[in-house]
Amino acid sequence: MIVVLKNGTKPEQIDNLKAWLKSMGIDTHMSVGVNHTIVGLVGDTSNVDVDLVRSLDIVEKVQRIQEPFKNANKKFHNERLVVDVNGVKIGGGEFQIIAGPCSVESREQVCYVAECVKKSGAGFLRGGAFKPRTSPYAFQGLQAEGINLLQEAKKMTGLPIVSEIMNITHLPLFDPVDVVQVGARNMQNFELLKELGRTNKVILLKRGLANTIDELLMSAEYIMAGGNENVILCERGIRTFETRTRNTLDLSIIPVLKKLTHLPVVIDPSHALGYSYMVKPMALAATAAGADGLMIEVHNDPPHALCDGAQSLTPDAFDDVAKAVFQIRPFACKFDD
Amino acid sequence: MIVVLKNGTKPEQIDNLKAWLKSMGIDTHMSVGVNHTIVGLVGDTSNVDVDLVRSLDIVEKVQRIQEPFKNANKKFHNERLVVDVNGVKIGGGEFQIIAGPCSVESREQVCYVAECVKKSGAGFLRGGAFKPRTSPYAFQGLQAEGINLLQEAKKMTGLPIVSEIMNITHLPLFDPVDVVQVGARNMQNFELLKELGRTNKVILLKRGLANTIDELLMSAEYIMAGGNENVILCERGIRTFETRTRNTLDLSIIPVLKKLTHLPVVIDPSHALGYSYMVKPMALAATAAGADGLMIEVHNDPPHALCDGAQSLTPDAFDDVAKAVFQIRPFACKFDD
Amino acid sequence: MIVVLKNGTKPEQIDNLKAWLKSMGIDTHMSVGVNHTIVGLVGDTSNVDVDLVRSLDIVEKVQRIQEPFKNANKKFHNERLVVDVNGVKIGGGEFQIIAGPCSVESREQVCYVAECVKKSGAGFLRGGAFKPRTSPYAFQGLQAEGINLLQEAKKMTGLPIVSEIMNITHLPLFDPVDVVQVGARNMQNFELLKELGRTNKVILLKRGLANTIDELLMSAEYIMAGGNENVILCERGIRTFETRTRNTLDLSIIPVLKKLTHLPVVIDPSHALGYSYMVKPMALAATAAGADGLMIEVHNDPPHALCDGAQSLTPDAFDDVAKAVFQIRPFACKFDD
Amino acid sequence: MIVVLKNGTKPEQIDNLKAWLKSMGIDTHMSVGVNHTIVGLVGDTSNVDVDLVRSLDIVEKVQRIQEPFKNANKKFHNERLVVDVNGVKIGGGEFQIIAGPCSVESREQVCYVAECVKKSGAGFLRGGAFKPRTSPYAFQGLQAEGINLLQEAKKMTGLPIVSEIMNITHLPLFDPVDVVQVGARNMQNFELLKELGRTNKVILLKRGLANTIDELLMSAEYIMAGGNENVILCERGIRTFETRTRNTLDLSIIPVLKKLTHLPVVIDPSHALGYSYMVKPMALAATAAGADGLMIEVHNDPPHALCDGAQSLTPDAFDDVAKAVFQIRPFACKFDD
């Protein structure tokens, strides 16, 4: 971190600053220029509060050099993370499609969809048991029963399952769930992240609707700081002024994350865009850009789905998308490691 | 809700739609125009999923007429809500300033600040015991000890206290807290909202960084649907591309909320903008626009605060702001009821 | 267009509304429902001001059904537009890369880059002669001399040239330019658009930084309403809160535009993102999603470019990107017509 | 400007950098730290391209210290600008309301409105003769005839007039116009700005829908660099995801601009928000925050206005707003100079 001091800062003020930094274990390197005095901070600055330093009367500008995340930082990992769930691998060159219904509705529904998506090549089954809904009057998911039904579909197909958690007290129910999803609205539910950091579950962490890529990495850091290193990052759209799509899918997150972190990156075009007709082109785009995986909603009967029908594909439409994705995958962008 | 059907929709498809709506207790009124057939939905449509209806093959457009919130809706309340906390009133013409440090740091700090802000006219003391921090390595608050210190400051000054909750399992610790704050990052932590709906605490609900005004009202609805009607709404800035301020303070939320809901509206200029020099003009603006209250950070020693120092006022600066606010308050915009 | 009237609207008010609409050539179809009266507008509503109708005292809601653009509307064109510039075709299945330096700097530079990009398979040479710069003190382009140099490069390579216009009085200088670009900042410079509508130049129209897709189409409509039907649309990023990229490249514009218009769609990843390392993955993504073309900055010596060096590729790096793009193109998403 | 070099930068690379900067008249001050070498740039860096420096292979980070605007910079002006138009003053403690119809429609309309707003205390008459409309099929203004009618209203009332220019070739028509407005969509129409910089007209420059405050100042700089120092800045809302208002009125621009520039700041709540019921609270807010003026739409018959009726006030409603504004003005925030 580099701190530029204002003109006219007095020597004793500089000494106070150095002493305060020293108390946090940070050494300083002073450089007196023509117009400005610059203080270089030496040491681990990840716990220095940039806003606080910026607020000091004597400070003109602050520039962070070091990223504030460590566990999630590619610099400190020689190899990209390959998450292995019962032999199904994602990351570090391994690509997977996670598919299934937005909400688990019935045994018939989830088992049928599971068999379909498996046949089309999906590596994971997704399904919502607990649903975050904007309205308290909307369907909130089958809850514990939903997890049971996912487990049956897993037994039948062998597909590992992905499901969203909203409340840490539900954790025991998630025992059969292979990948625990943290939804966009909970990306900065730090209490939930901390608890998940103490588990040995694979976590799929979705980017919040208005969160920066750096904040996504800091939320991953919350989980990893607790000892759980198995984190998959997922983009599902950010909020902008555009109204033809539900959200704006930010695919540039792929090269940015590939540069900053060793964690796998998954793209969810279904939730991001909100219309099924956009899923295929955006799934192909994400694959071509080098995503490690896709998350796609599939429903046996989209118009009667209890939620998010507008964005679901039928099993046949999903099969078409999956074929196109696997066809394009060999030509996808690769990132130097 | 009005549903516009596509040209060429078959009579049996229309019958199916009517039957499906009927199964949800919704009657329909058909209107066959020159270019389009329009279906008017009659009944309580607050639990109808607009996205799902829009996704149906036969549907061209959907327009919601009724707001999806009921308990928070001004239409169903003859009077504006006046929240009364130990005789300190806010809403319905009663105006209050909520002031205090971002984080509770020590007995001396919180008691000193409490006495100062009381003297300047604040009606509530705020102080963070549990702090939502982007980084897991940043100071997370004094936690239970912080609540104890707030309680001491309350005993000394008589000011009711406001503090943020992040985890529902902490609720017992919040027994001495008069107003429980839900922070921006937890505005859509629906599990937390549901639990708070079952308490009899006054809740101060902050708008999320990228949430619409309607979503804020739906989150209030989550709390109120559980039986807790004492909700105060708070604007603290939304995320935009502007970089000279931390967030963009959306003061137009005041007339919008005054039109839509009977709940009190509080504005927090300190967190929204991130710089103390902007607090006074924005506090005056919010007051003039007709806010029911302000939430302002005050710290005895801003440059050494453990968090958010850049946006804190000294007690003297706060006194100056409070004086100006109380001076302008009689000339503030009033809303017809 | 559908207009929902407020409860309690009087018959004479409805008659006034009908008469006013009639005066604009619009017939009405009335539907009296249980809660609301709905007015369906019959006729060409593209010149009805939605905001004005919404402002009427008796109006509750307005819903546009018809799109307000006609010339740019796919519904009124049986075939997708194929723009043919001296035999180089783009749109309707024909794919092209437009490549070249941000600014024309010298004969050597532009001719060398032109030969390089032609060898790599580019179909058009781009180069800025007039540069829109945020600062009046920054390099504003070689202007007329820049156009001359582009013309020389065109003679040498046969590549048609693309260059940006900022002032309609410069039009005579653009005689040798094959495709006249309207930059993001001028997307709603309606006076410029009208004038370009009276020319027979091919226009490449870039989306503004904060413009919706519908507004982009309305700007195309300005050009086409003047009689010039040769418009190519270009996405170059929208402004969001994300700071790791200069702008957020909205690739979902591809399926949206393919649904709404018959005009070709080009993606410019260089300007959108601002960093050369993101160009390859995003170029592949855009191609896979079904774009009709790409616009990519190439500079013989990026670190010494007079502008936008950070986002330019060297000719070698461009060759690598072009190879990957042409390899992935056969597997790109196709859109039903 | 401070440039942080990457670890491992070679001495000859540093020499090249210093030589390149020297060629632009910039001296350097080197500081070799433990982890990084920092180059401080000494001299006028307003014409150094930050993006270009950032793109150099050897550069890790760049931090601008100096603002890139000079003429518009408060640092270089001892006093705040007071714009004087025929004795009507705005800025530097002088406050004015600019009021009138969105579009000039007829002699009766504009003269009637002018007399009304004058009686209510407005200092300027506004009226659109040339209208920027999203649709080419919408009413584009009375154009030259509109200017004539404004001139008649000016003769009748003595109010100086404000009207928007969209095309520099119209400049001769603007001879009777006292304040020439540059609309949001033309804020970065640099060719128009340059031409206006060569006139001696007072310019009212509106912030673009997605432009930062710094970009607004750079556009003012374009005008001022040409020799025209009479620039008034105007906020009229920025684009966000919120849908209850047309745009989000960013009132924090007032303290930010008061810190950065000596130019007067005017707020336009009518265009920003799009609904007349929000005008009063936001006009009061802007006044309280310390704006130098307001721009408010007034129409004799809002529901029949040819454009923007939803946001217009009747003369009576305007009179009520103006009274409240003048009442609150003495208590507005003041800024140290």
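Letters A, B, C and D mark the chains in the order given here, with residues in each chain numbered from 1 onward.
The rule is simple: contacts are C-beta pairs under 8 Å (C-beta built on N, C-alpha and C of every residue); 3 or more make two chains touch, one makes a residue touch a chain.
The model shown is predicted, which means the values in this text are computed figures rather than measured ones.
Peer 1: On the document's contact criterion, could you list the chains that touch chain C and likewise touch chain D?
Peer 2: Chains that touch both chain C and chain D, as defined above, are A, B.
Peer 1: Please identify which of B-D, A-B or A-D repeats the interface of C-D; the criterion is that more than half of the contact pairs agree.
Peer 2: Going through B-D, A-B or A-D one by one, only A-B repeats the C-D interface.
Peer 1: Tell me which has more C-beta contacts between its two chains, A-C or B-C.
Peer 2: A-C
Peer 1: I'd like the Å distance between the centres of chain B and chain C, where a centre is the mean of that chain's Cα atoms.
Peer 2: Each chain reduced to its C-alpha mean, chain B and chain C end up 39 Å apart.
Peer 1: Determine the centre-to-centre distance between chain A and chain B, using the mean Cα coordinates as centres, and give it in whole Å.
Peer 2: Centre-to-centre distance between chain A and chain B: 27 Å.
Peer 1: Roughly how far is chain A from chain C, centre to centre by C-alpha average, rounded to an integer in Å?
Peer 2: 32
Peer 1: Which residues of chain D are in contact with two or more other chains?
Peer 2: 210, 238-241
Peer 1: Which residues of chain B touch chain A in their complex?
Peer 2: Result: residues 20, 46-47, 49, 51-52, 54-57, 68, 132-139, 166-169, 185-186, 188-191, 194, 208-210, 215, 218, 221-222, 225, 238-239, 274, 276, 302-312 of chain B touch chain A.
Peer 1: Per the contact definition, I'd like the list of chain A residues that touch chain C in the complex.
Peer 2: For this pair, the touching residues of chain A are 210, 212-214, 238, 240-245, 248-252, 254-256, 259, 272-273, 277-278, 280-282, 284-290, 324, 327-328, 331-333.
Peer 1: Hey, which residues of chain C end up touching chain B in the complex?
Peer 2: 2, 4, 27, 29, 31, 33-36, 38, 40, 42, 60-61, 63, 65, 239-241
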